[in-house]
Every structure is written in C-alpha cells, then in structure tokens.
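What follows is chain A paired twice: with chain B in the first complex and chain C in the second.
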Partner chain A sequence: MITREEIIKHTNEALEKEFEFRAEQLVPSARLRDDLGLDSLDALDMVVVLEQQFGVTLRQGYDLRTIITLEDLYNFIEKIAREHNK
Partner chain B sequence: MGDSNTVVITGMGAVSPYGRGVETFWDGLLNARPCMHTVPELEALPLVQTKVAATVPPEDYSFIARKYRRGMSRMGLYAYCAAQEALKQAGYDQAPAHLGFFMGSTLNSISVWLELASYSQGAHLEMIKTSDFLQIMNHSPLAGVCQALKINGPAMGNSEACATGLMNIGLGFMAIRSGLVSQALCGGTEEYHPMFSACFDIMQATSKNANDCPDTACRPFDKSRTGLVVAEGCGLVFMESKQSALARGATVLAEVLGFYANTETENMAFPSALTLQRCMQGALDACGVRPEQVDLLNAHATGTIAGDIAETQAAQAVFGPQLRINSLKGHIGHTMGASGSLESIACVNMLARQTVLPTKNLCQPDERCAALAYQTAVQKTPLRIVLKNSFAIGGNNCSLLLRRPE
Partner chain C sequence: MGWLRCYFNTFCLGGAALCWLFFSTLVAAPFLLLCADKTGTRVRKFVFFQSRGIMRFMRWASSGWQVQTAPVPAGSRVIVANHASALDLYTVSLFGFDNVVYVTKEWVFRLPFFGYIMRAAGYIDAGHTTPQEMLSRCQEAVKNGCDIVFFPQGSRKDPQARFKSGAFYLAEQLHLPVVPLAIAGTQQMLPVGQWHIKPARIVLKLFPAVYPQDFTGPLGHLHMAQSVKKQIMSFVNKENNA
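== the complex of A and B ==
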C-alpha cells in the first residue's frame, strides 16, 4: 500500500515536471488555481499525468471544485489509491 | 493610389537557420554563414539519399509563459518570437486593437503528431493531454500567438505548402485593401522533421551529392545542382495601410505594390513555365508596373532540376535576359511554409540597403536554365522594385512586388 509520503513525493514530482514548478512552491497549503496558477485546461492535464504516475483512474469522480489546495489533492489521491487496493 | 489603398511594411520578425532576429538573418545571408548540417535520422536511412537539413539553433524558450507555451510546438515558438520582433519594430509593445493575423504552415508539428500516434499504438489514447491537442490543430501556431500576444483581430491560417508565407502576405495585403483591417501580421512558420526530407527524397527533389559538405548541398540554377535542402523557421511582416503608418508616424520599410496568384492544373509537382509566367505577369498587371521597372527577381528556385528551369524560362519570357535574379535557398535551404515571408524580409533588407545578395553555391549556371543576369556576388546597386516568387507543391503559385519607400 502506497504511503502518504510516497503520494506527496510522486504527486509533486509529476507536477514539477508537467507544470515547471519549483519544489519550494509545492507546499500543502498552496491553492492550485490561486497560488500555483493552474487553469481549467491545466487541471485536466493534471489528472492525466497523475493517472500515469499512480496507475489509477482519477478522472471519474474528480471534481476540481472540491480540490482547492495541494493537501486536498493528496487526500483525493490517497482515497482513490486506497479504494483501488481494496 | 490613395494612402488608404497603399499597403506598406513597417515591421519584420524572423527566426531562421541562422537564429533569432532579422539582423541575425541578414548578417547570415550577407556573409553566407554556414547553417546546414547532416541529420542523424537521415543518415540511418540507407534508401533516403539526402542527409542534410538547415534547422533553427536550439534555444531556451522558457521566457514565454508556460500558459502560452503549452500550446506551442516548435513552429509556434518561432512564430511567437517573430511576431514579437515584428510588433516591436513596428513600434508596439503590445498588439494594437483589431490587428489581423494571417499565418500558416505546410503541416502541423509532425513530432507532436508522432507522439500522439505512439499513444495510439500503445492503446493509451486516454493519456492524451489537452496541451497535445492545442499543439496539433492546423492553426495551432496562429491561435497560440494570438493568445500570447493578445492579437484580437481576424486570424486566419492560410496553408499552401511552400507558398504559404507569401500567400499569407498576399492575404494580408488584400485584407488591408478591402478595409477588413488596417494592420496585419502576415507570413508563415515551419518546423523541420526528417519526414519532410524523406518525402521530397522519394519525389527526387532533394540534394544528394553534397552530404559530406552540407553547406554546398543546395545550388540553385547551378549546373551541378541535384535538389533542395529542407529547412525551418518563421518570417512575419507587419503590414498596414499607408494612411495608418503616416497617422502614427511609423517608419515605412517597403511598399507592397501588387500581388497575384494562380494554380497549375496539369501537374501537382511540376509547374509549367507558362503558368509561372502568367503569375509574374499578373503581379505586374495588378499594379501597372512594367517589366523593365523590376530591378531584381528573388526567385523561388529551390535548387531542383525542373523547378529552376521552369522559373527561369518564365522569368525570361516576362522580363527578358537582362533581369537580375537570385535565390536564397543556397544559404538557408527551403524553409517551406516560411520561405516566402522569410525571403520577403530579405528582399525588404536588400531594398533598404541597396544591396543584392548572390545565389550561394551558384558557380556555373545550368545551360538549361534560361539566360538571365544571375547574381553570384554581393553587389551594392540602386534597387527600387523587387519581385518575390513562391511556388508550392500542389500547383499554388504567387508573386509579390515590393518597392523601396519613395
């Protein structure tokens, strides 16, 4: 079972690569839209790269409106990963 | 002709195999700097005879915001740089309101397309990102630059292969004349992929006998020529009505006198001399210029056997054997969709500097090419009117007349 730390590490790696973030920008409280500047198209691409990163399906049940911060994103991935491993 | 009907060029932007910028482009041409190189992907293909291309030196484009860069393949990045340079020379930090934008390419990014095809082969079409699609639309470079530079007038992506750049200048010329816009950015952009070389190779149109000496590979009009060298880049000109330029005190670089286009319907790949003759004559007739008033023909002349012969025969029929002629494909190769506009930028510079560039690698004109005044050295000379030709596979031909500002 993937750990919380691994989820954070792999998520941040994927976001750094896809969206050219610096590691220090990716603090849990960072808001995806307002702090990191991701728009609606970025949000769609983010799902694709995270699905590749974790090998799970995120796009069903994914609602950006409920995922405001990176912390929210980690929580969402953790929940999906847990369900995936049931 | 009134100032509102007269169209002038007030800005130019270039990305060429010499690098970024109009000055870099001119310096490379004037000094015949080397820019061609062998391509490893072609060297690995025994059945493809040409091994040479001319590509834009790699650069870091991260100065373009990621939000805009995500939708740009290489040809979009080139177009962004050229557009920004042309706007700046025209006197704008930002695009003026209702600026028209007319730009296209031969194909869209083959590299990105192949990346998508690899998703498909791996049954992973689900992994396609929105940014992939934003890069492979037919008008991706046009749309991307509009977003990045806030160009909010009519934007149209006209595409006629190797005539694209000049056709778009013609389209902008007509759009300004019609009153649709008073200002427009116009030209073509292109990015190299070895597939272009392989395609032209199978058509027996590529250079074959100078793979060990790339910068001599393309030899327009020369007896020893064997074909073209595929290249890439972007050329954009900022055009506006003379009325608009005068009203804002812009420096006029050249006047666009006339434009004409026609289509060869007998053969998609080999235009007849008669069709090309009619194209050049049409441009003269469109603006009432007499053949003897034209000081230079900057030919399409890609260095193919048949193409150079047909174009010179057509030029001689229109202008007579005293016409001065050059081609820039020996310097930078065939930048395809960008060639007409990049070479028009060189024409404007030749007019401005009263300097005729030679045809690089032209040592002995082919006797099958019609007798003309082939330019083989840089020459300072009075120049007032230059004719620029572009011809495309598919049979699409066009000619544009440029005049030094009065």
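== the complex of A and C ==
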C-alpha cells in the first residue's frame, strides 16, 4: 500500500517534470488554478500525468471539480489508491 | 548620451508610433466600416499594415536589428512566440503573416479604441472561451485562411514562464503545423510596467515548422509545448546574454 508521503513525493515529481513547477511552489495549500496557474486544459493533462504516474484511472466516476488545492489532490489520490487496493 | 537616446526613443519615436496607430485608424475606420466583410479579413490586413509601421519605429529605436527567417509551410499555421513586452505583438508582421488571428487575454479587448479593432478583426478572447469554443472559433479562422498566433506563456510578467499547452492542443486537433518565433531584446527595449523605450538589440528568429504528428501519445501536445519552449528560450537567453 502506497503511503501518503509517497503520494506527495510522486505527485510533486510528476508536476515538476511535466508542468515545470519549482519544488517551493508545490505546498499543500497551493491552489491549482489561482496559485499554480493551471487552466482547464492543464487540469486534463494533469489527470493523464497522474494516471500514468500511479497506474490508476482518475477520469471516470469522480468529480474532479472539488479539487481546489494540492492538499485536495493528495487526498483524492490517497482515496483512489485505497479503493484500488481493496 | 544613453539617457538622451532613451528620451528621443520615448518622446519622439514612441510618440510618433502612437500617432501612427491613432491617425491611421482614424483615416481607415470609415473605409473599413463601409467595406466591412463578415470574416474581418480587411481589418486584419489593415492591422498588418499598421504593425509594419510600428516595426519601422522599433527598428529606429533599436541599437541593433536582426531578422532570421525560415521557410514556412503553405496554408494555415499556428504561430507561437515568447512574450516579454507589449512590442512583441507587432513582430509577427515582419515575416509576412498578413492575415492572422491573435488569441489574447480578455483585458486587451476592454482597451478603448484597440478593443474595437480587435473585435472587428475577429481576434479570440482566451478568457471567455472554453477549450471547445476556442477550437470551433479557430476552426472558423482556419477556414478563412488565417494563421493563429499564440503567446503560450500567457503573460509578460515572467519571461521564463512555462508554455501552456493550449496552442499545441489546438494544432494537434486541427492538424496544423506549429511555427516557433523567438523574440529577443524587446524585454530590454520596453519592459513590463515601464514606458521608457530604451535602445536595445532586437533579434527575431523564425524556426522551421514543428508538426503535431511527431509528438504522439495522450500528452503529445504537452511534450510539443516543452520542446518548442526549449527551442525558443535557449535562443532568446543566448541572444539576451550576448
């Protein structure tokens, strides 16, 4: 079972690599749209990047609009990973 | 002597450039209104003519001037450039692209005088369109034989900012080649938040087209954005440090 620390580490690594964020920008309270400047197309790209990173499907059956901050994103992936392991 | 040149650039050349923009629009507006075409092609050609004039003033204000061009594919293209100064908008005209639709931020459309011209030319407001609407507006522009110009950094505030993938997604969806344009020196000439026009060495380079089919997979457009950014910014950084 993947730990929360691993989720944070892998998520941040993927965002740094694909979206050119600096490590110091990726704090849990950072808002994806307002602080990190991700637009609607970036959000779709981010989903694909995270699916590849974690090997899970994030697009179906989940309301991604509730994800506002990075913290929300970590929680969301943790929840999916838990469901995936059941 | 540097300050003298700066004052000359700002008050003489800058003033003349603004007068050129204002009076040429004043003279052309009645004709454009009378002979308006639905697609806005005449207005876009007029903007091209105006931009060439601005480029002339910019050349006089510069301390060095270099334009490097490359062959471009026929038909419509997506032109992408780095963006660090208000002057960047006019540089596209130097390469002969005379029928272009700019995709810009919504605040630009609120500018008095210029906003009207932009709407008449059929430019696209990126702030008020969904990706789907954007796609259909661009599709329409391509049908009218236009090139589509993007500044994928979205803002002039950070010259090293990442290239957002929207322009590249669009090129992928519409099967259009992407023509990268590197603009070096305009940031030194007219930086964000300043109005003094400093003499600076301007170097513009058009790169050979990049094709979406060379970037496969669900993140192809994202990887194309990264690759084009690398190509443009390595040239710009080298020229800015020269």
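Please note the rule applied: the second predicted complex is superposed on the first by the 83 of 86 C-alpha atoms of A that agree within 3 Å, B and C clash if a C-alpha of one lies under 4 Å from a C-alpha of the other, contacts with A are read in each partner's own complex, and residues count from 1 in each chain.
Convention: a residue touches a chain if its C-beta (ideal position, glycine included) is under 8 Å from a C-beta of that chain, and two chains touch if they have at least 3 such contacts.
The structure presented is a predicted model; accordingly, all values stated were derived computationally and were not measured.
Peer 1: On chain A, do chain B and chain C fit together or clash when superposed?
Peer 2: After superposition on chain A, chain B vs chain C: clash.
Peer 1: After lining up the shared chain so the two structures overlap, which partner does A:Val48 touch, if you call chain B first and chain C second: first, second, both or neither?
Peer 2: Touch partners of A:Val48: chain B and chain C.
Peer 1: Touching A:Glu20 in the superposition: chain B (first), chain C (second), both, neither?
Peer 2: both
Peer 1: Once chain A of both complexes is superposed, is A:Gly37 in touch with chain B (first), chain C (second), both, or neither?
Peer 2: Once the two structures are laid over each other on A, A:Gly37 reaches both partners.
Peer 1: Of the stretches 41-49, 113-121, 203-211 or 365-373, which one of chain B hits chain C?
Peer 2: 113-121
Peer 1: Both chain B and chain C contact which residues of chain A?
Peer 2: Residues 19-20, 37, 39, 41-42, 45, 48-49, 52 of chain A touch both chain B and chain C.
Peer 1: Report the residues of chain C in contact with chain A in the complex, numbered from low to high.
Peer 2: Touching chain A: residues 130-131, 154, 162, 164-166, 169, 218-219, 221-222, 226 of chain C.
Peer 1: Name, in rising order, each residue of chain A that touches chain C in their complex.
Peer 2: Those in contact with chain C are residues 18-20, 37, 39-42, 45, 48-49, 52.
Peer 1: Report the residues of chain B in contact with chain A in the complex, numbered from low to high.
Peer 2: My answer: residues 62, 66-67, 70, 126-131, 134.
Peer 1: Which residues of chain A touch chain B in their complex?
Peer 2: 19-20, 37, 39, 41-42, 44-45, 48-49, 51-52
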